[in-house]
Structure formats: structure tokens, C-alpha cells
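The two complexes that follow have chain A in common; it is paired with chain B in the first and with chain C in the second.
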Partner chain A sequence: MTAPDPRPGEIGRPRPRAESRRLLAGRGRYASDENRPGQLHACFLRSPHAHAAIHRIDREAALAHPGVAAVLLWEDLASVCKPWRTVSGAFPGLASPTQYPLASGRVAWQGEPVALVLAHSRAVAEDAAELVAVDYEPLPAQADYRSALEPDAVLAHPAMKDNIAWTMDVAAGDVDAAFASAALVVEDEIVFTRHTGVPLEPRTVLAAPDAASGELTVRISHQMPHQLQLHLAEFLDMPMSAVKVSTGDVGGGFGIKMHVYPDEIAICAAARLLGRPVKFVADRIESMIADVHAREHVVRARMAVDGEGMITAFDIRDLHGLGAYSVYPRSSTMETVMALRPIGAAYRYGAWRAHADVILQNKAVTGQYRSVGHPIATTVTERLVDRAARALGRDPLAFRRANYMRPQDMPVTNPAGLRLLDLSHEACLDRLVELIDYDALKAEIEAENANGRLLGLGFAAFVEMTASGTEAYGRAGVKVAAVDTVTLMLEPDGSLKAAASVCEIGQGISQGLRQIIAEGVGLSPDRISLSLGDTATSPHGGGAWASRGAAIGGEAAWGAARRLREEILAAAAALLQCAPDTLDIADGAIVDAAGRERMGLRELAETVYFRGYELPQGVQPQLSVAHSWRRERDAAVPTNGIQASLVEIDAETGLVRCLKHWVVEDCGRIVNPLLVDEQIRGGVAQGIGAALFEACRYDGEGQFVTGTLADYLLPMAGEMPDVVVAHVETPYSGSVIGAKGAGEAGTCGAGAAVLNAINDALARRGASISETPATPELVLRALGRLAPEAEP
Partner chain B sequence: MADPGEDESFRDITVRVNGESVRARIPVRLSLVDWLRDHLGLTGSHVGCEHGVCGACTVVVDGTCLRGCLMLAVQADGASVETIEGATQSGRLRALQEAFYARAALQCGFCTPGMLLTAAEFLEGGEAPDRDAIREALSGNYCRCTGYEAIVDAVAAAAHSRER
Partner chain C sequence: MKPAPFAYHAPDSLDEALALLEAHGEDAQILAGGQSLMPMLALRMAAPACLIDINRIASLRRLEETDEALRVGACVRHAELLRHAASVPHWSLVAACLREVAHPGIRNRGTPCGSIALADPAAEAPALAVALDASIHLASRRGERRIAVGDFFLGIYETAREADEMIVAVSFPRPGADWRFGFEEIARRRGDYALAGLCAGLKVVDGRIEQARLVFFGVGDRPMRADEAEAILCGGDPADAQLRARAAEAAMARIEVSGSAEYGVAYKRHLAGVLTGRVLARLAEAGGA
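Moving on to the complex of A and B:
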């Protein structure tokens, strides 16, 4: 297929998003803005215990409460809904018990839905929920995963023999020999505290059954309506064609809104059971306690360096806190793999070994969150790399450069099993050095520190595996679409109507796809209307995950655009009695080789739709086309980059302030640089949040203690630095456009750069931190201004 | 616990909403933002946290930005309330909206109405709109998508366009 013109066209143009005008005017249509006549409002009664047996539930008083229509338990929903269990060929032996939309005799995490109260308003439903009497027998809770492997450990699920959900053991190369012969071995144990995505719009679902047609229409704040449609059809025993799922505007996702949640399934089942529309909007504490959490790990890692200063091996042990269940359908263990395999991926090394124990806990389920696992891999790698550079007295950037995977080393499948190609580490590093004015910045930091400030500069090179292909879930037997499709139709007025299977969640892919289609056909993007996120109008496909929009959806859009262009030109050639290859489409008109307009798109379309008799016999223009694209090689598309962070520590208060942050990254061909840069910046904010503020904390009994936004701290405008973004563009060689995933790169490396910067500063006081978030308390303990924490 | 039936007592209120007088009989426990959204269909004000932290529900009451989730609708009796819909209609936000659009200072858009109203109040307050002051002024409004820089740029650009 013809590749896009490399000259500046629509692809590569920094256009604002057309649809943002609607959002700016307060005219967004989020799921919570939708209502249906006769709808019931839902309130879940959630378990106050992390672990308990349920002996009896008395719902009489709640049912008698004025305004209450129903109080449902699992035994009610069981007549219309099946439970589910997470199984994946990618994780053989995965132990994750059956999950139910409402608790079935036992609760295994605090916040697990127990009963569903439906009333004429949410307030009345909440009143009535207080009247449901549940006879709980509290059970010991597995809340401290570090002791979960001990022989007498409390069991998260008493029917299981231990707390191990899955164990990963992978090795390649002679790790022991590499360490035995190493000139230098550096090691660290890094603690990553659980955190979560906190999309500002809480999860919301409105399920409306149609008694006459038997259809179920579901409006939901979600990243992948097609996947949900498939699972709803399975659980509710309906044909997929009778389940219609649409998202409307989605108020942030970040991976949080791509899973099967018991509460959302319960709402759909209740709507089916009662034959009435049911609406549920999670409140903030429900969101904090029942959205998937992520990234609870303790990683102990060693890195071997030879006498030449070259990295030779990694040896890694990970303890990963999974939560009560492995999330459906993708499995929370995907994070384990992506936290470990990218360790060391920016560098040439020979041997790699990783062992992970993934632990079941009486805590909220964990799942995929932006840049799945990678921030852990990057932090582990870059801490070790900094330690090695420091031990060898080498400049941290020079040490990285010497060890980088170079263009001539690729393509390669590295010892950790990652397929690496089209990466640009040295070029990104060169650009970063220039951007930060490295020598001047170092001098400035030295001068400020000599004046009594405590500044540090940290770096993090990263590799991120994006745009997962058909192998990732397909071979594991998990039904996740990795193919995307775009449909395109020429309207009678010469404008285009398009639909795509990728989804818009604010990242701007709608604008990106329209620019690709515009360039592929030859007209302005404002002549294209694009519909996304509705299973009734969009073809089946992946939705929004793994930064796939431009890399996969973009290829489908380009293919559809070129097919439509060919059809248009063939029809025009038939009418103009010339050869199609003497014609082109530019600015919405059919032009000849000299660029002279021969016919407008409207004229052509009107002829085809309204005056078809003018066409020659046998000419049947296909002005509606569909094009699907799946990548045929490379399980994922690797991307790379490097980030730098400048922080200041207040040694009196322990507060860390990020003063400035830089990102140089390579997401291949950039479709819209304005929007890509904002994806990077937004991702950096989430990385900085994890490094400095964000923590889902439980006490020893599994009680969640960070349920409000006053307890769970997010970066605000005053805490965020300006983020300088630059790019190296190395097109992906396996696609026509050459785009790679862009949406998660910021998150992938930001936290690692910040932690390295903190440690650069602390090293001046002989201290260090190996835990995130780096709270003031941790900083003060490291500086010796607070006593070390007593062992529990 | 009180008899839950008592929670559903009602009061009559009269409020000027976006310049129009509205009379309504509402549950006394209804928050202002829930009334605007669920009873008047003004869904541009968003509910993000319901405990006054995130700022997505920001509305203007008698000229001052307030949290629509922390105020009861009955407390607005006799007041004048402006929402994103009214402020858009009146043109009060035009410079900010243009700047946000051009600078791509929004992604999911959920925080945007509150952010715009807060920024407008700041710009109209007359304080010098340097970046630190803008960041400080917006520090009661969470944005989870942008990292704030584009928003700060857009507010600065709007301030500049107002000066000209």
C-alpha cells in the first residue's frame, strides 16, 4: 500500500481537537448525564470487612422503605447471570477463585458488593442500604503480603492451600556465571506502594432492557465497549447482537475502565431481571476502594557489570500483591510480566533471570493501569544503573550511553524475551543533553547546593512495549481484539462518515484518525465525522488500551481511506473518460496531473447516489468501505526515550518538589504533535504522582485508609513542574504510517527519573530512598531527622 | 439512626439560574450540583468527588466560585447561580475557551467546566497572571489528564488576549 507522503500534510500537523469545543462549552455527554424514563438508582451495600463469612442477610426493612423497588442478592441475580473465573493460557496454573457480581456467602475484600438496593433516587437507595442487616463472621485477613508466603500465613481464600496466585520463573543465559565473574555487582530492594488511576469521572453505568425486542442497551464509562458487549452476552446468555454498549464521552480511563467489574455486571443483570433501566454512578470512596488498584511490588534486583563497565546480567525477585482475585478477563498477572521483562531492555546484556511470586490478598483487585508494569521495570533498572555509575565514578549518562542497545544491535529478541527494533536510545540521549544544557545545569546544581539548597538531577531511560498485537491474548485463549477496523462512507455532499473500533477517552485519537483519513483520501479533516465507542455503529475491535490508537487503528484508517480514494478515482475516471491514475484528490476535489480541478467530491457523490444512469454500464462504485488491520509481526511495538527530573528537597520538612522535568521520546511517526505532547505531559503527571504522593494504603486488618481525595493525594497545578517534551522520530518498520504507542511513555519513565533525582540529592547527605511514594516521612527518616521506623 | 423517611422533607426555593428565575420544590438534603444536573438538566457541572476536593462541580453563586457538592440547593434560595452553560452563553469565558481549545488544554474534559470558571474568576480578580499565580489559583481543581501545563499556558494566553 502507498505510504503517506512524507511532506507536511495532515499527518504530522499540530491541530487542536475539534470535539474539544463541545467539552469546553459544558456540552459533553458523559454516562452520568444520561437518564432513562422509569430508571432505578442503585446503591451497593459493600463489605465493611476485608474478609468475612456471610451467614444471613435480612433485607425486609430495606424493602419496606418508601421508594425502594428491590434489594437484590446474588441468589436473585443467579437466575439471569453467570459468575466468571479468570483463566489465561499465558499464566498456566493461575489460581483465582470464581468471581460473582454480588458476594456469594463470603467477602474477600473490603468494598466487595454484597447487596444491591434499587430505589427511585440514589439518596433513598443509600438510606435503605443502611437498613439491610448482614450477619458477618469476620475472618482473619491477609493484608501484609510480605508474610503471605510463610507456612502458617493467613489465607486470603481458606479453600486454597496457600496465597500464591501465580509464580513466574524465567531465565536466559548463564546468570550465575555472569555474577561470579562480575567486576561490580549492584543491588537494591525497592518497595512500590499500591496506587490507582483516579479518572475524575467515576465509573458509571446505565443499563436499559427493552422488553419488546429483548435487547439490552448499556451506556457506560468504559474504554472498550466491544469487549464488555462480548462478556455481557456471555454472562447474561444473550446474543451479542442484542447487547448494545456505548460510551459517549469518557471522563478519563488510564486502564481503570477496561475491566469486568462485579458492580457493573450486577447493574446489567438487575436491569434484565427487573425489566427496568438501572443507573449506577460510583461515588468517590467507592471508586477509591473498588476501582482496580495497581503496582504493589517489592522487587529485589541485582545487576552484574564486567571489568569494562558493561552490564552483563540481571537477577530479579519480585513479590507482587495481586488483591483478592485476578482481574477478568486479562488477568492482573499481566502486570507481573510487564514489570519484569522490560528490566534492562534499554541495554545490551547477556543473561537475565526473574522470579516472581504473585500473592492473593484480602484487598481490592489489581489490574492494568497506564504503562502496565513498565514504571516498575524502569525504576528497578535505572536505580541499578545509577548505583553502578556512582560505584564506578562514571557520569550517569555516559554509563547509559556505553551500555545502550544500539541501532546496529537490532532487531533482536533480548534475553528477557522482548522483541526490540527501531529504537533510538543514543539519539534521544543526545537530544536530552542538548535540551537540558547538561554541563551548565550540573554547574548550576552544584552552585545551588553549595548555597545550602538540596537539589538533585535524575535520569531514566526506558523501553515501553506498546500496541499489543494478536499474540498477547490470542494465544492465551483470552478474547481480546487486537485487530481494528475503520468504516468509511462518502456522503452525497462530499463529506465523509466514518466509524472506528478504537475508542476516544480524551487522548485525542478521534482527531488523529480524522487527520489520517483526510490525508489518505485528500480532503480536510473537518469534512469527516467519526463515530467511536458504540457497538451499534462501530465495527468490533480493541477500544482504547496499550496505546494502540494510532499504531493499529491508524493503519486501519489509512487503509480505509486509500480504498475509498481508489473507488472515488475509479468512478471519476469512468465519468471523465480518463485513466484513474491520471487523477488525484486534493482539498476535496478530483484533480488532474497538473492539479486542475476536474470534479468536486460532491458532484461525484451526487452523480453516484442520485444520477447513477450517467455511469457507464458495469461501473458500480463502492463508496462505503471497511478496512481491518492486524499487525503480522512483532508481538508489541517497542518505543523508547529518556526522561530527566530536577528536584529540590526541603531538608526541614522532607517535602520533595519537582522543579522541572524533561522527556525525549520516540513514538515513531507522530500523527498530531500537539496532542502527543499533551499525552506525554499527562503521563508524566501520573508518574510524578506515584513517585511522590499517591498511595492506596490498608491497615493490618485490610481496612482501606485512603478512601478520599484528602487522603489519597494527587498532583495539583501547584505541585507540577513545566515538562519539556521533545521527540526523535524513528518510524516503526512494520506498518505503513510507522506510528508507535505514545500515550503511556510519560508514565513509563517519570517516576524513575524523580526517584533517581531524589537519590542524587540525598547522596550528598549520604542517604538514599528505595520506596515510592517518597513521602516527607521517608525523606526525613533517610536524612536521620526522624527515627527509623520500628519493626512491627 | 433517624427515621430515613424524615430525610425526604421538601422546601420551596427560588433561584436565578443563568439569568432565569427558577422556582422549585426540592428535598432539603439535595446538593446544589445534583439539583442543577438532575432537576434542571444542566449537566455541564460535574460530580467528581462529592467532598469538596476536586473542583469539577464548581459553579458561581452570587459572583463567587463555590463547590456545588458542598452547598445544599436550599442554601441557594434567593441567590444567583451561574453554570458553565450560562457562562458560555454570555460569552464571559470566550477568551479562555478559545485559548484552551488552541492549546489542547483539556483531554477528557471532565474537569474543564470547573477549571474554566475558576480561571475566569482569577483573571477577573486583577492579580498579575504569572505562571505561579495561575498554578496557585487553579490548585483547588484537579485535572488527571493534562499535567496542568497546557492549562496554565492557556490561562496565561487568555490573560494576554484580555490585556490587548
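Moving on to the complex of A and C:
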């Protein structure tokens, strides 16, 4: 297929998003804006206990409350809905008990839905929920995962023999020999505290059954309506054709809105059971407690360096707190793998070994969250790399440069099993040195520190595996679409009507696809209407996950655009009685080789649609086309980059402020730099949040203590530094456009750069920390300014 | 997150409001700016049977300054008081303190009197009132009374206000020109409740500290005066670094501290010392805040 014209065209043009005007004017249509006549509002009664047996539920008083239509338990939903259990061929032996939309005799995490109260308003439903009397017998809760592996550990699920959900053991190369012969071994144990994605728009679902057609229409804030359609059809025993799922505008996903949630399934089942529309909008507390959490790990890692200063091996042990269940359908253990396999991926090394114990806990279920696992891998790697550079007295960037995987070393499958190609580590590093004016910045930091400030500069090189292909879940027998499709039609007025299987969740892919189609056909993107996120109108496909929109959806869009262009030119050539290859489409008109307009697209479309008799015999223009694209090689598309962060520590209070942050990344061919830059910046905000602020904390009884946004600290505008973004473009060699995933790169490396910057500053006082978020108390203790204390 | 059902009253006069308060007592909550009350209702941490919205009572919106005092009515917003204070040098502490109250949107609706009535130990306004030796004006059907701020705060969300009383105003006596004021708070994020904060005032006459007020918030269960540290300072020279260090040491060692799940007692104590040192250092020279 012809590649896009390298001259400036729509692909690569910094166009503002067409949707912005509507969204900023408050004209978005989010799921909570939708209402159906006769709808019931839902309130879930959620478990106050982390672990308890349920002996009896008395719902009489709640049912008698005025305005209440129903109080449902699992025993009611069981007639219309099946439970589910997470199994995956990728994680043999995965132990994750069956999950139910509402608790079945036992609750295994605080916040688990127990009963569903349906009333004519949410307020009434909340009033009535207080009247449901549940006889709980509290059970010991597994809340401290560090002791979860001990022989007498409290069991998260009493029917299981231990708390191990899954164990991973992977090794390649002679790790022991590498360590035995190492000139330097650096090691660290790094604690990562659970956090979550916190989309601005909470999870919301409105399920409406149609008694006449038997269909179930579901409006939901979601990243992948097609996948949910498939699961709903399975659980509710309906044909997929009778389940219609659409998203409308989605106010952020970050991976949070791509899982099967018990509460959402309960809503759809209740609508089926009662034959009435049911609406549920998660409030912020239930979002904090019941959205998937992520990234609870303690990673102990060692890195061997030889006498030449070259990294030779990694040896890693991970303890991963999974929560009460492995999330359906993808499995939370995907995070384990992606937290470990990318360790060391930016560098040439020979041997790699990882062991992970993945632990079930009486805590909220964890799942895939932006840059799945990678921030952990990056933090572990870059901490070790910095430790090695410091031990060797080398400049941290020089040490990285010497060890980088170079263009001549690729393509390669590294010892951890990652396929690496088309990466540009040195080019990114060169660009960063220029961007931060390294020598001047170092001098400035020295001068400020001599004046009594405590500044630190940290780096994090990263590799991120993006745009997962068909092997990621397909080989595991998990039904997750990794092929995407775009349909494209010429309208009578010469505009285009398109639909795609990728989804818009606020990241701007809708704008990106329009620019690709515009360039592929030869007209302005504002002449294209594109519908996404509706199973009734858009083809089956992946939705929004693993930064696939441009890398996979973009290829489908390009293919559809080129097909339609060919059809248009063939029809035009028949009408103009010339050869198709003497014609082109530019600015929405059919032009000849000299660029002279021969016919407008409207004129052509009107001829085909309204005056078909004018076409020669045998000419049947296909002005509706569909194009699907699956990548045929490389399980994922690797991307790379490097980030730098400048922080200041207040050595008296322990507070850390991020003063400036830089990102140089290579997401291959950039479709729209404005979109990419803002994706990077947003991702950096979440990385800085992880490094400095965000923590889902439980007490020893498994009680969640950070349920409000006053307790769960997100970085706000006041905490965000300027984020300077620059790019190196190394197109992916396995696709036509050459785009790679861009949406998660900011998160992938930001936290590691911030932690390294903190440790660069602390090193001046002989201190270091190995835990995130870097709370002021941690920092002060490291500085020896605060005695360790036992009290909370 | 929807409030439990409640009755809503919006009286036009103070008399009506007080009659409602007398009738409902403990079951009633006064609604002024609502910046704490509304979230507490939504979280069902508070479930009063009735709300008495005092925003229609014109007399409560008055902000009056005389030679003696600044009287702030119950419906005066943080932002209004901040604007006024920022224009007058003798209210430098008020301005410095209110600038750190949450964010502009909250300051536009929230009220100093509401904050004082709620008595959140991490809030700025109660500590400000203590530091400036304010008086709290309480009204009920039984009449009006004025209570010294030192007697008002009893514990977390606990005050000397009776169930049938409401705060109608707080008055701050105008400090003399020989007072120097300083303020600082430490928070993880801009606009958050403080991990610890300090409102400080020193009356300095002929280079000697005659009176000292060091009032911490976010540290104990109410605004806490550091009595020992204040005693150390009195009679000393504010420019004496050793004196300041001893005061900071005393504040750190002796202040009554309540820890929280996230921040331990030792850390809060440490911050009390840091704040004392920093703020007093700024008060070494005349000027302050």
C-alpha cells in the first residue's frame, strides 16, 4: 500500500481537536446526561468489612420505604445472570475464585456490592440502603501482603490453601555466573504503594431493556463497548445482536473503564430482571473504593555490572498485591508481567531472571492502569542504573549512553523476551541534553545547593510495549480484540461518514483518525464525520487500550481511506473518460496531473447516488468501504524515550516540589503533535502523582482509609511543573504510517525520573529513599531529621 | 452521595432564625457558606433534620471596622474579609492567613464565622481568631453573649456554643502598631488543609517582647497556644536567634499533638518546631507576615 506523503499533510499537522469547542462549551453528552422514561436509580449497599460471611439479609424495611421499587440480592439476579471466573492461558494455574455481581454468602473486600437498591431517585435509594440489615460475621482479613506467604497467614479466601494467585518464574542466560563475575552489584528494594486512575467522570451505566424487541440497550462510560457487549451477551445469555452498548463522550478512562465490574453487570442484570431502565452513577467514594486499583508491589532487584562498566544481568523478585480477585477478563497478573519484563529493556545485557509471587488480598481488585506495569519496571531499572553510575563515579547520562541498546543491536528479542526494534535511545538522550542544557543546569543546581537549597535532577530512560497485537490475549484464549476496523462512506455532498472500532475516551483519537482519513482520501478533516463507541454502528474491535488508536486504528483508517480513494478515482475516470492514474484527489476535488480541478467530490457523489444512469455500463462504484488491520508481526510495538525531572526538597519539612519536567519520546510517526504532547503531559501528571502524592491505603483490618479526594491526593495545577516535551520520530517499520503508542509514555517514566531526582538531592546528604509516594515523613526520616516511630 | 432528607428553612430575619434554632436545637444546622457542611451532608457524616439557611439575613452580611475592632458578620465570606484585610496594614495576619484558606472558589462562599463554628482543628480561621484574641458573638432567643475565643474551642468540632445559639459575628480587636505578625502553614498541596500551621504575634516594645502569641493549627485537637514557648519569648529580644531556637524547641517538645493515620505525632511535633523557627525568624525584624 502507498505510504503517506512525507510532505507536510494532514498527518503530522498540529490541528486542535474538533471536539474541544463542544466539550469546553459544556455540550458534552456523558452517560450521566442520558435518562430514560421510567428509569430506576441504583444505590449499592457495599460491604463495610474487608472479609465477612453473610448469614442473613433483611430487606423488608428497605422495600417498605416510599419510592423503593426493588432491593435485589445475588439470589434474585442468579435467574438472569451467570457469575464469572478469570482464567487465562497466559497465566497457567491462576487461582482466582468465581466472582458474582452481588455478594454470594461472603464478601472478600471492603466495598464489594452486597445488595442493589432501586428507587425513583438516587437519594431515596441511599435512604433505603441504610435500612437493609445485613448479618455479617467478620472474618480475619488478609491485608498485609508481606506476611501473606507465611504458612499460618490469614487466607483471603478460606476455601483456598494459600494466598498465591499466581507465581511467575522466568530466566534467560546465566544469571548466577554474571553476578559471580561482576565488578559491581547494585541492589535495591523498592516499595510501590497502590494507587488508581481517578477519571474525572466516574463509572456510569444506564441499562434499558426493550420489551418489544427483547434488546438491551446499555449506555456506559467505557473504553471498549464491543468487549462489554460480548460479555453481557455471555452473562445474560443473549445473542450479541440483542445487546447494544454505546459510550457517548467519556471523561477519561486510563484503563479503569475496561474491566468487568460486578456493579455494572448487576445493573444490566437488574434491568433485564425488572424490565425497566436502571441507572447507576458511581459517586467519588465508591469510585475510590471499587474502581480497579493498581501497582502494589515490593520489588527486590539486583543488577550486575562488569569491569568495563557494562550491565550484564538483572535478578528480580517481586511481591505483587493483587486484591481479592484477578480482574475479568484480562487478569490482573498482566500487570505482574509488564512490571517485570521491561526491566532493563533500554540496555544491552545478557542474563535476566525474575520471580514473582502474586498475592490475593481482602482489598479492592487491581487491574490494568495507564502504562500497565511499566512504571514499576522503569523505576526499578533506573534506580539501579543510577546506583551503578554513582558507585562508579560516572555521569548518569554517560552510563546510560554506554549501556543503551543501539540501532545496530536491533531488532532483537532480549533475554526478558521483549521484541525490540526501531528504538532511538541515543537520539532521545542527545535531544534531552540539548533540551535541558545539561551542563548549565548542573551548574545552576550546584550553585543553588551551595546556597542552602536542596535540588536534585533525575533521569529515567524507558521502553514501553504499546499497541498490543493479536497474540497478547489471543494465545491465552481470552476474547480481547486486537484487530481494528474503519468503515468509510462518501456522502452525496462530498463529505465522508466514517465509523471505527477504536474509542474516544478523551485522548483525541477521533481527531487523529480524521486527519489520517483526510490525508488518505484527499480532503479536509472537517469534511469527515466519525462515529466511535457504539456497537450498533461501529465495527467490532479493540476500543481504547494499550495506546492502540493511532498504531492500529490508524492503519485501518489509512487502508479504508486509500480504498475509498481508489473507488472514487475509478468512478471519476469512468465519467471523465480518462485513466484513473492520471487523476488525484486534493482539497476535496478530483484533479488532473497538473492539479487542475476536473470534478468536485460532491458532483461525483451526486452522479453516483442520483444519476447512476450517466455511468458507463459495468461500472459499479463502491463508495462504502471497510478496512480491517491486524499487525502481522511483533507482539507489541516498542517505544522509547527519556524523561528528566528537577525537584526541590524542603529539608526541614520533607516536602518535595517538582520544579520542572522534561520528556523526549519516540512514538514513531506523529499523527498530531498537539494530541501527543497533551497525552504526554497528562501521563506525566499521573506519574508525578504516583511518585509524590497518590496512595490507596488500607489499615491492618483491610479498611480503606483514603476514600475521598481530601485523603487521596492528586497533583493539582499548583503542584504541576512546566512539562517540556520533545520528540524523536522513528517510524515503526511494520506498518504503513509508522505510528506507535503515545498515550502512556508520560506515565511510564515520570515517576522514576522524580524518584531519581529526589535521590539525587538526598545523595548530597548521604541519604536515599526507595518508596513511593515520597511522603514528607519518608524524606525526613531518610535525612535523619525525624526519629523512626512506632505510632501511626 | 446524596444527603439524607432534611427540612430547609431560609428565614429573612435573625429573630426567625433564632426561633427555628430554639425549636430544633441539636437537630438543626446553620447553613452559611456551606463549604464544609454540604460535603458532610453529601457524605452523610452529618444528617441534621433541618437546615437553617442564614444567607437572607442582611444584618449578618456586615463587615464593620471601628477604631477598636473589626466585626465580621456570620455571612461575610472569606474573600470579602481577605479583600478588606489586604488593604489595611494592621490586618496583615488576617490577610496572610485567609490567603491560605483552600481555593478562590471556596473562599468566595465559605465564611470565617462558619469555619469558627465548625471548629475543624486544621482550619485557619479558628487559629486566626485565637491569635488575635477575638470575641465570638453568640445569639439565641435567650439573648446575646460575647465569649472570649480562648474559652470557645473545646476539641475537634466541639465549641462552647449551646445548641440554641448561633454565631452572629466574630470581632477582632485592632492590634496596636507595636505588634508584629507572622504566618505559615505546611501542606502537601496548595490549598489543602494544613499538616501544621502557625499564626504568630509578638508585641515588641523598645526591642523587648512584651507579649507573644503562638497559635498552631492542624497539630492538636483545636487551635493550640504554645504557652511555654510564649513564656520563653516574653522579655526577650526578637532578634536573639538563641531565644528563638529555645522557643522553637519548647514548641516542638511541649505542644499537645494528635497524630493522624497518615501523619505521625513525631512529624507534627517536628513541624511545630520548624514553623516556630521560621516564623519567628521573620519577626526578628519589624514588618512581619
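A few points about this structure:
We take it that the second predicted complex is superposed on the first by the 788 of 792 C-alpha atoms of A that agree within 3 Å, B and C clash if a C-alpha of one lies under 4 Å from a C-alpha of the other, contacts with A are read in each partner's own complex, and residues count from 1 in each chain.
Rule of thumb we're sticking to: a residue touches a chain if its C-beta (ideal position, glycine included) is under 8 Å from a C-beta of that chain, and two chains touch if they have at least 3 such contacts.
Small disclaimer: the values here were computed from a predicted structure and weren't measured.
Of the two partner chains placed by the overlay, neither chain B nor chain C lies in contact with A:Gly766. Contact with chain C, but none with chain B, is seen for A:Arg697 once the two complexes are overlaid on the shared chain.
With both structures placed on the common chain, the touch criterion links A:Met716 to chain B and to chain C. With both structures placed on the common chain, the touch criterion links A:Arg284 to chain B and to chain C.
The larger set of touched chain A residues comes from B, when the choice is between chain B and chain C. Using the contact criterion defined above for the overlaid structures, shared-chain residue A:Gly93 touches neither chain B nor chain C, since it reaches no partner. Once the two complexes are laid over each other on the shared chain, residue contacts for A:Pro199 go to chain B alone; chain C is not touched.
When the shared chain is aligned, no partner comes close enough to touch A:Pro151: not chain B, not chain C.
In the superposed model, A:Gly452 lies in contact with neither chain B nor chain C. By the touch criterion defined above, A:Gly682 reaches chain B but does not reach chain C. Where the contact sets of chain A with chain B and with chain C meet, they give residues 123, 127, 130, 283-284, 708, 710, 715-716, 718.
Against chain A, the residues of chain B that register as touching in their complex are 1, 4-5, 7-8, 27, 29-30, 37-38, 42-51, 53-54, 56, 83-85, 88, 97, 100-104, 106-113, 116, 131, 134-136, 138-152.
Against chain C, in their complex, chain A makes its touches with residues 121-123, 126-127, 130, 283-285, 652-655, 693, 697, 699, 705, 708, 710-711, 713, 715-716, 718-719, 775-777, 780, 785-787, 789, 791-792.
Those residues of chain C that touch chain A in the shared complex are 1-5, 43-44, 186, 188-193, 195, 259-267, 270-271, 274, 278. Partner chain B is touched in their complex by these residues of chain A: 16-17, 20-21, 23-30, 32-33, 35, 65-67, 123-124, 127-128, 130-131, 197-202, 249-254, 281, 283-284, 505-508, 674-675, 678, 681-686, 708-710, 714-718, 720, 722-723, 746.
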